[in-house]
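Got some structures for you, see below.
First chain A sits with chain B, and in the next complex the same chain sits with chain C.
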Partner chain A sequence: MTAVDVPAVCGDRERVIGWLQEYGVYVGVAALLVFNIAFTPHFLSVENFRTQAVQVTPVLILSLGMALVIATGGIDLSVGSVMALAAAMISLYLGYGPVAAILVALVAGAAAGAVNGALVAFAGVQAIVATLAMMIGGRGLSLVLLPQLDGIRNAGIRELGAGDLLGVPYLVWVSAALIAVVAFVVRRTVFGRRLVAIGGNRRASELSGLPVRRTLLAVYMLCGLFAAVAGVLATARLQASDPNSIGQLIELSAITAVVVGGTPLQGGRMRVAGTVAGAVLMQLLVSTLIKHDLPPSWTQIAQTAVIIAAVYVARERGRR
Partner chain B sequence: MATVPFDRAGRSPRRTATVFTALACTALTLLATSCARGEDEAGGGQTAGGGQARAQELDDAAGSDQTCNIEQFGMEKFDLKDMTVGFSQSEAESNPFRITETASIKSEAEKRGVELITANAQSDFAQQISDVQGLMSQGAELLIVAPLNSDGWEPVLAEAERKQIPIVTIDREINGNPCEDYVTFIGSDFVEQGRRAADRMIEALGGEGEVAILLGTAGNNVTTERTEGFKERIEEKAPGIEVVFEQTGEFTREGGQSVTEQLIQSNPEIDGVYAENDEMGIGAVTALRGAGKQPGDVKIVTVDGTEAAVQGIIDGWIYAVIESNPRFGPLAFDAHESFGKGEDVPVELIISDREYTRDNAEEELSNAY
Partner chain C sequence: MTAAAAQDGAGAVGPILRTRGLTKRFPGVLALDGVDFDLSPGEVHALVGENGAGKSTLIKVLTGVHAPDSGEVRYRGAPVRFETPLRAQQAGISTIYQEVNLIPLLSVARNLFLGREPRRLGLIDFGRMHRDAARILHDYGVEVDVTRPLDRLSMGARQMVALARAVVADARVVIMDEPTSSLEPREVETLFSVIGGLRERGITVVYVSHRLDELYRICDRVTVLRDGRVVHTGAMAGLERLRLISLMLGREMAQVERQGATTFGGAHEQRAAEPVLVAEGLDAHRRLHGVSLAIHPGEVLGLGGLLGSGRTETARAIAGALPLRSGRVAVAGVPLRRRSAAAAIRAGISMLPEDRKGEGIVPELSVRENIALAAMPRLARFGLVSERRIDRVVEVFVERLRIKCAGTRQKVAELSGGNQQKVLLARWLALNPKVLLLDEPTRGIDVGAKAEVQRLVDELAAEGLGVMLISSDLEELIEGADRVVVLKDGAVVGELSGGEVSEGALMQAIARAGRAGAGGDAGADREVEP
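So, the complex of A and B:
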């Protein structure tokens, strides 16, 4: 870094850390882009960016929902299982046509989110426990419904997964739309203010008369709904419903994207653009290592390094 | 707070939670069961497994010369018909291989009128150990085990020895002394499968070109052996072929698709893809199709022999499929039967796997699983 970024005076260290918290994730994305442009063959092509954008879509959508939940001070471990549930629904209800099947999948996702939300908001179960139960139960239920991979030949679903509009894949349109919706909700609506307030101090929010329980329920339902959207899109892209392997461990990728993006795990703050950049950063990291044909164990190590760096930067703020 | 706060309607939040959770769960269950209608309900569904399809055949040349009989093992002769057999499956029956394997064991037991108790460890090794112990305490007198790992079986082997329960392991080996810890191992030679895949790849590319490998799950002997055999044969027979890319697709369709998408971006002139199972190969096909390639542009060779992959050969996307036959039922029960009669049983039985190519795919489609 240049002297502009790191002023010599010791007291400015905090300023650097603060700056890194705010913009570190973008620096990471930019660094990876520069590296790839310099060293990866065929990186600067429309096709490549299309591939990366399509591949990041499920994690990106999940991490948006996850960021909402984390902003309230909670967490949702069940998103991968909800994806599997949505995939199973698509296969079960495709006989009624693609639109009906997608609607059923979304309703199932929202219902699963409602169970999480009710347990967290009304029964006072800790989020990590409630959603862990849904993570195990949801996967189990979807495997009962659809015990094995089922190929999808429906033209509508396949078009959703592989087709494009104005040269941009439908998957990317959907994620762009959801980013816009979440950004609007968080920045411009009362609901957005409330969920951040609850994460900041639940007790104070209750005492000041905010509808804490209702808000929490809605947040978990939204997260479930987003997970179902991710499940539908992943299924469409794969051209098969695969409840056994879809979304395995993806909740961890989503949480990573949120944390790397600068949303603190203890809640009270939500960064939409940072979350998007966090998801993109992890995607670029994995893709760089794959393209350079490095062993998969390197991918895990590199991801770990990014997570620790992100959490380290966040820790500095806690001390301040 | 000593009292539970009530809302305006006088309901306690806890009750609301119960009601809400119950409602949502009911909704989920209703969605799941009520009026589902799949894409091809009239299509008759899939016919997985069963003993009707092509059974396994032994490769007499391979396997071990060492044999085992019941006297060496140190127990009394028995008649298979009077025995209870326990079967422990390692992975969830959600992929075609495992579905067919379990179905084959079950249908063979039914055919022979042998009582069978089963357990599935869902890819959890600790669970499989307790599964097998559970089967023994439930009265299994003979065991058929599809092990998840090769190591770590000592507690089970000790108990089986004490109770004099002979074990036949299928598809993967248990590390131990044959005829002491277990009777016999029945399975495919994964290194050989890799070599044969390499032969097909060499044939497809005419001995020249760049090849990518879609590896299976890391740290799994199937992955290591299928890779070893493939590379060994390529090095030996076709120095003109270069393996330029090796990444794991975790044995899943999604993994195969994602990795192949990255691959065709960074190596657009790739000539061949060797997928270590069919699911990843089908994922690769989806990726290639998405990238606007035509069938046959990139030669794909896979291992397994599932129906979808053999269909891929007919459609022109897949060049060849090396079979890994999961229909262990007949051979496993044969082994127990002849062992019980006091006959000599080889301690290693290697299956001769077939292969599917453009020449036989259409007529053999019904034999795929």
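So, the complex of A and C:
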């Protein structure tokens, strides 16, 4: 009897793991929503959702760029420092008007990404090393450019950080637009197909005539650009440029969101909706614990548990 | 065979190592099938055979990497069973692999004495260690600063260090796996004199190589493996070169002209005057030495030669995947200006690589994404993917190649080897190439898929495609190809066409080339055995 039962159980277990890999992150988000609706006072209010959406914005935008990089089999540790670089640029170039300042910040982000990409694609440096260098160097450069916190008194920037359109904050509009752009790029463009193929098998992609290096360069540039956008938005919300503390350790939150969202760290696969859900899941988790007055250490432990669960599920899939 | 093995060579002294009925089975393969193998003290024993013959498995069983399923290993007269490679090494059996297994960042002297450093008061006596190391390496023709890290040394010098280390560790049997594949000619000479020294000291050397010239120069006896069985053991001297090749390839000279068992049709008689592909003077450092060939539309050109002769390198060079020192490639009369895979593909060259898993499939992607991978730019407009166009192309090829999948959205990793190979063929055919280079297109796929692939090659040639076929399956090569270019040590040494294309003629061409010593320096090419 048992001999007959075992394979059935194994099959079920495998199916459950596979299903969790695919939809686990949505189940997590749904569970947290249900829990909060039941136990958290004032959770179901427009104001609360607005706050959550605004708070998740930087990590969400970073994780989109990060997911592109991870899908190629790389990683980008420098996104937090690129945010700081963008913040410093805003402060330095605000004299030319908010639009010019934001453009300079975005160009700086793309340039930092280009350096990462060139090191990875052309010099053959490992992604983790190249972007670690940029993580340290980018932060240092921002602090040289802007040694201390600089308050920003500019109507345009303040409007970007606090204003809304049709009752929805600009910050949320921007992240929604970027989600749409990334989803389009991944699903519909040749570039999107290429980056996933490169992550899946780089040698095969090269032999198939794909422009592997150019694609990698573009992917890291996009990631840098997205980090700069996140830096601009965070600066606008804070009404201050603070290169010292902005984006500290945020690269880890972004990587967590991507992994929890079901994009495997070894690359070859890219999930846009899952990445968004991953960022939302981590945001809800933190805010739930804070609202229930649990100390920050609990938050860290809960995050750890989610990461381990996500990696465990991914490992099971890889072993099949 | 075994009777011959027992009476031969061992002389007055008993064998130092002897196996009887050694059998090792892997899932789906019988890697060793009752192997009887003897080594006498102080002999240099050649171990030869083609891919998959069981050489590596035999070495791994002897050195404790694998445990045999049945059979016996006797070492110095007593039955042994090494549980780990370390045990085998401690007992005196050392292996020197192609990729030297030393520690690159430690000093040369540390590597030489690792685990048996001279000590004083419990600490390593560096002064003595360095003096001893320099003295020992001097005998091996290695004059280096022994305090430098090992990775500063050339591959050849590293191999000498590995060899010296084996001797320092009191090895009685030293197994060398393709030792000359990464050596310069001068280093090869040094290696041979070192081997001579080992022989005088009564140390047994097992020498694995595909370079027949080397075997005849330094080996006393030879054992030929084929399909996991010993097909011949005997003295090296007096064994005819042609006979050795036919033993390795498994074709008795008498049965060479018999009826074919492959699904190839007859020759493709239509040959246009203008070749579709011309390659001239392909030269890659130590791998290819001025290879020139031409492929005509509607023709299947076979590349013949033993393992390591430069067949794969020739295909890769034409496809822009191997950096060249010189040489040119032209498709339909138009020379390729840039050397890259992308440029070759644009010109109409498609190459099916040998390593299906490592260089072919993208396992996480679906069947349709894999088929469309290379042709993606042609199936898109303004950088946007057209699902409709992809589906049309994919449908055509899934049907034509009879790819068996649960649907074109199924992950390619879930398919059988034969169907994966068909997906890759579809990827390359979707480019509508003028020239198709096939490197071992039927290796590791089931019989049914093999027949289908062979039939497809025939059809494609009949449609006017220029095809180049590389195959270790001699039957496949002879019956599939209209013409065969024979390679040895990275150079063209012969060509067979029309009625000359036969197994006997091919083997003779390979053997003849060896004696003539044609092509390049002795330490020439290297084809990595998978």
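As a convention for this text, the second predicted complex is superposed on the first by the 310 of 320 C-alpha atoms of A that agree within 3 Å, B and C clash if a C-alpha of one lies under 4 Å from a C-alpha of the other, contacts with A are read in each partner's own complex, and residues count from 1 in each chain.
The definition used in the following text is that contacts are C-beta pairs under 8 Å (C-beta built on N, C-alpha and C of every residue); 3 or more make two chains touch, one makes a residue touch a chain.
Computed from a predicted model, the values in this text were never measured in an experiment.
Of the two partner chains placed around the shared chain by superposition, neither chain B nor chain C is touched by A:V280. Once chain A of one complex is fitted onto chain A of the other, the partner contacts of A:R269 are limited to chain C, with no touch recorded for chain B. Put simply, more of the residues of chain A are touched by B, taking chain B and chain C as the two choices. Of the two partner chains placed by the overlay, only chain C lies in contact with A:G209; chain B stays clear of it. In the superposed pair of complexes, A:F122 makes contact with chain B only, with no contact to chain C. Of the two partner chains placed by the overlay, only chain C lies in contact with A:R188; chain B stays clear of it.
In the superposition on chain A, contact is made by A:V196 with chain C only, not with chain B. Chain A residues in contact with chain B (one complex) as well as with chain C (other complex) do not exist.
Of all residues in chain C, only 319, 321, 340-342, 344-346, 351, 353, 358-365, 369, 372-374, 376-377, 380, 383-385, 427 touch chain A in the complex they form. Residues of chain A that touch chain C in their complex: 188-194, 196-197, 200-201, 203-211, 268-269. Looking at the complex, you find that chain B touches chain A at residues 13-14, 16-18, 20-21, 24-25, 27-28, 31-32, 36-41, 48, 92-96, 99, 218, 244-248, 250, 252-255, 257-259, 261-263, 265-266, 268, 279, 283, 286, 289-291, 308.
Contact residues of chain A toward chain B in the complex are 40-43, 45, 47-48, 51, 54-55, 85, 89, 91-96, 104, 107-108, 111-112, 114-115, 118-119, 121-124, 141, 143-145, 147-154, 162, 213, 217, 234, 237-240, 242-246, 287, 290-291, 293, 296-297.
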